[in-house]
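Okay, got some structures for you below.
Both complexes below contain subunit A, partnered by subunit B and then by subunit C.
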Partner chain A sequence: MGNPLEITDLVYKKNQKKIITDLNLTLKPGKIVALLGENGAGKTTLMRIISGVAKNYRGTVKVASFAKEADRKAHLSFTDGLTGFANSTKINDIVKFYQILYHDFSLKQFEQLRKFMNLDSDMRLSEMSKGMKEKLVIALTFSRKTDLYLLDEPFSGIDAMARKKIIKSIILWKQEKSTILVSDHFVNEIAAVLDEVVIIKNKTVCMHKSTEAIRADNQSVEEFYESFYQREEDE
Partner chain B sequence: MVMFNHLFGKLLEKKAKYVHLLVVLQFISSLASAFFTYFSFYSGRFHLNLNNNLEFFPGWMALFASFTFLFGPILYILTVVQNERLNRSKTWRLAPISDGTFYIDNILSSFVSLIYFVFLDFIIALGLFFVSIFTYPKFGKNLRFELNLDTDTFLTFICIILLVILTALFIYFLVSFLNFSSQAILSFLPQASSHILISFIRIFIIIILMGLIVKLYRVLINSFVNLFLLKATDLAGLEYVVGMMFVANLIMLCINVFLINHFFEAEEK
Partner chain C sequence: MEFKDNIPIYLQIKQYLYRQIITGKLKPGKKIPSVRELAVQLTVNVNTVQRALQQMNFEGILYTKRGEGNFVTEDTTLLEKTKRELIDAELDKFVQSMNSLGVSDEQILKSLTEYLKEERK
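Presenting the complex of A and B:
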């Protein structure tokens, strides 16, 4: 297996507006990487391109050395809003859907995660709060054994206590060689588990640094992120 | 191929829910219609209307069969809408299969759900038919089947069936084409701030695309059908129309697969 993610010269334009320009990014196996940037910086778009649901881009995107979209989708697990299911769908039915469509889906892993998240498998989507749905999405995403996990603001609706618990446990759920790319606004909360930080600004990756290097400069990830924007503003 | 089959199974399972719902509704509404045709309520009780030529069960069977022409198109419209929803759904588009193959799977499962509906209707109508024969022996005795199958009639019948199938598929493809192409064109235009404006532009694009398709169709009709009419008899003409429809479907399918593979994005949620 090659690198879980390799992006070369990526350009994406929509509605006559450049959203991503000349973006290059390579992630090594076994890392937890934060994708940071302001609202509208292109974090979600980047994840959509990687997963093949956004179209008409230029450049090369490879997931576990696979460039074809179907292969990429088979080697990554992307948080999904579950909008393809009717509100009356039970968790059990969603699990059956995942089991049939994804050969790497582990029911055993899902059951552990479901119990961890305090979710009842007979619950319907309509009976779940936003936070509960997000917990379910996280459980489904991590029940697949893939090379790359894409988590797009996965904790926004989850209460602070549960969020901390989930973030601490993420490292236990992923495969040793798998890489997680997570975009989130709670930088300080995810900082403890991060290996690398990628900052998107001016439509491209303008910083890719290990948290080790950041801490070596006597800075926390959050301070580094804030000071990065401060520096940019001062300049 | 394994993924194609798995996805097909899941899509069909989703669409079969509509089929079951509509068959139940058709059954209940035909029963209710039959009931109110054969019974009237006055003086506090139900009375059997004896002035009908048909007995209750044969009447119910006839009503059920005729309701197929109401519920069939309803199911068809529902599948058209559902096709486009699924084409746009991130949940479904994340399935590890190419988008073009997903699209073919989606359309095929809708088509099979229509066949499944016809099959269920046929089975229920057949059940009512046998109940009619057992309850009213006179009904069975009076039945006479005459099957006059010469080659020409048989070929015409097959051609008409094929034409209906190809037309149903063509409408699926046409709706997808308008959806995909209008969305693709919209994403090339500068961003509009208002949803109403976007909808208005989309409708405008669809009207223009429809105009282009009609124009293209006329050109094709003039160049091809006239040529065929010179050569062919009435029956041969129908065969050629089926052939042309098949080619048109194939072209539309290729265009749609190209559009979904390269331009039509899944929703952002």
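Presenting the complex of A and C:
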């Protein structure tokens, strides 16, 4: 098996405007990696390209050595919001849909995660808070057995307790060889669980470094991340 | 357990485990929690815990039983040495901090003796 993710010379335009340019990124197996960048830096776009939701890009995107979209989708787990489901949909029905769609979806694993997150399977989306929806997204995402997991800003707009639950679930349910890419515009709250950070700026990856290497220079991961944006403000 | 984010976390995990061992919370010859249990308990990365445990195995303060996990050494000499090193590290910090306040080594001893006398009253 190759690396969970290999991106080469990626360029992506939307309405004639470059969103991503000359982006290269390789992630090794067994890592928890943060994808950091300001709002609008292209983090969500990148996740959508990796997962095959966004098309018409230039360059190569490989997930576990597979470049074709369908193969990539089979080797990564990404829940692109829950926007495809009507507000009246119950958790149970979403689970049924996932079982049909993904052969690697484990109901047993989902039930464990659902209980851990204190979610009631009879609940409808309309009855759920933002934090609960985010917990459901995490539970669905981790119930599949894949090489790569993509979490798009799971911590935005949720309370501290929900955040702790999500962070603990990442530690508990990550398989040894699988890699998690988690985007955020904030790093402090998850710094201790990260292996690496990838910083996106000026439409490309401007830094990819191990968190322990950053700390070995007596710098906090947050300071390190902020220094990339500080320079711009000083100019 | 809160870790400082500007010091490698594997070093802080080691410090934490040394303390657990020295204070008897983890006993000689007894099994310590698994890598994943420690990671969840401390809310840190599994690979980072692994690295800390590997080094402690190398140092001899922990030993691995195949398929069973990590155990605390029963070597009392090594445990004593580890305790002394922890004490020395704390003293280093204290003396450096006093020196930075302009307190000389002689004054430190005097101040500390007086302080302890006052406190014991």
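We take it that the second predicted complex is superposed on the first by the 227 of 235 C-alpha atoms of A that agree within 3 Å, B and C clash if a C-alpha of one lies under 4 Å from a C-alpha of the other, contacts with A are read in each partner's own complex, and residues count from 1 in each chain.
Going forward, contacts are C-beta pairs under 8 Å (C-beta built on N, C-alpha and C of every residue); 3 or more make two chains touch, one makes a residue touch a chain.
The model shown is predicted, which means the values in this text are computed figures rather than measured ones.
Bringing the complexes onto one copy of subunit A puts subunit B beside subunit C with no clash.
Contacts of A:Leu172 after superposition: subunit C is touched, whereas subunit B is not reached. Applying the stated contact rule after C-alpha superposition, one finds that A:Ala191 touches subunit C and leaves subunit B untouched. After superposing the two complexes on chain A, the angle subtended at the C-alpha centre of subunit A by the centres of subunit B and subunit C comes to 160 degrees, rounded to the nearest 10.
Contact with subunit B, but none with subunit C, is seen for A:Lys17 once the two complexes are overlaid on the shared chain. In the superposed model, A:Ser51 lies in contact with subunit B only, and not with subunit C.
Touch criterion met: A:Ala74 reaches subunit B, while subunit C stays clear of it.
With both structures placed on the common chain, the touch criterion links A:Tyr102 to subunit B but leaves subunit C unconnected. Nowhere in the superposition do the C-alpha atoms of subunit B and subunit C come closer than 29 Å. Residue ranges on subunit C touching subunit A, taken from their complex, read 3-10, 36, 39-40, 42-48, 51. Contact residues of subunit A toward subunit C in the complex are 30-32, 164, 167-168, 171-172, 174, 188, 191-195, 211-212, 215-216, 218-223.
By the touch criterion given at the top, residues 14-17, 44, 48, 51-56, 68-71, 73-74, 78, 80-85, 97, 100-102 of subunit A touch subunit B in their complex. Residues of subunit B that touch subunit A in their complex: 3, 6-7, 9-10, 86, 89-99, 101, 184, 186-191, 261-269.
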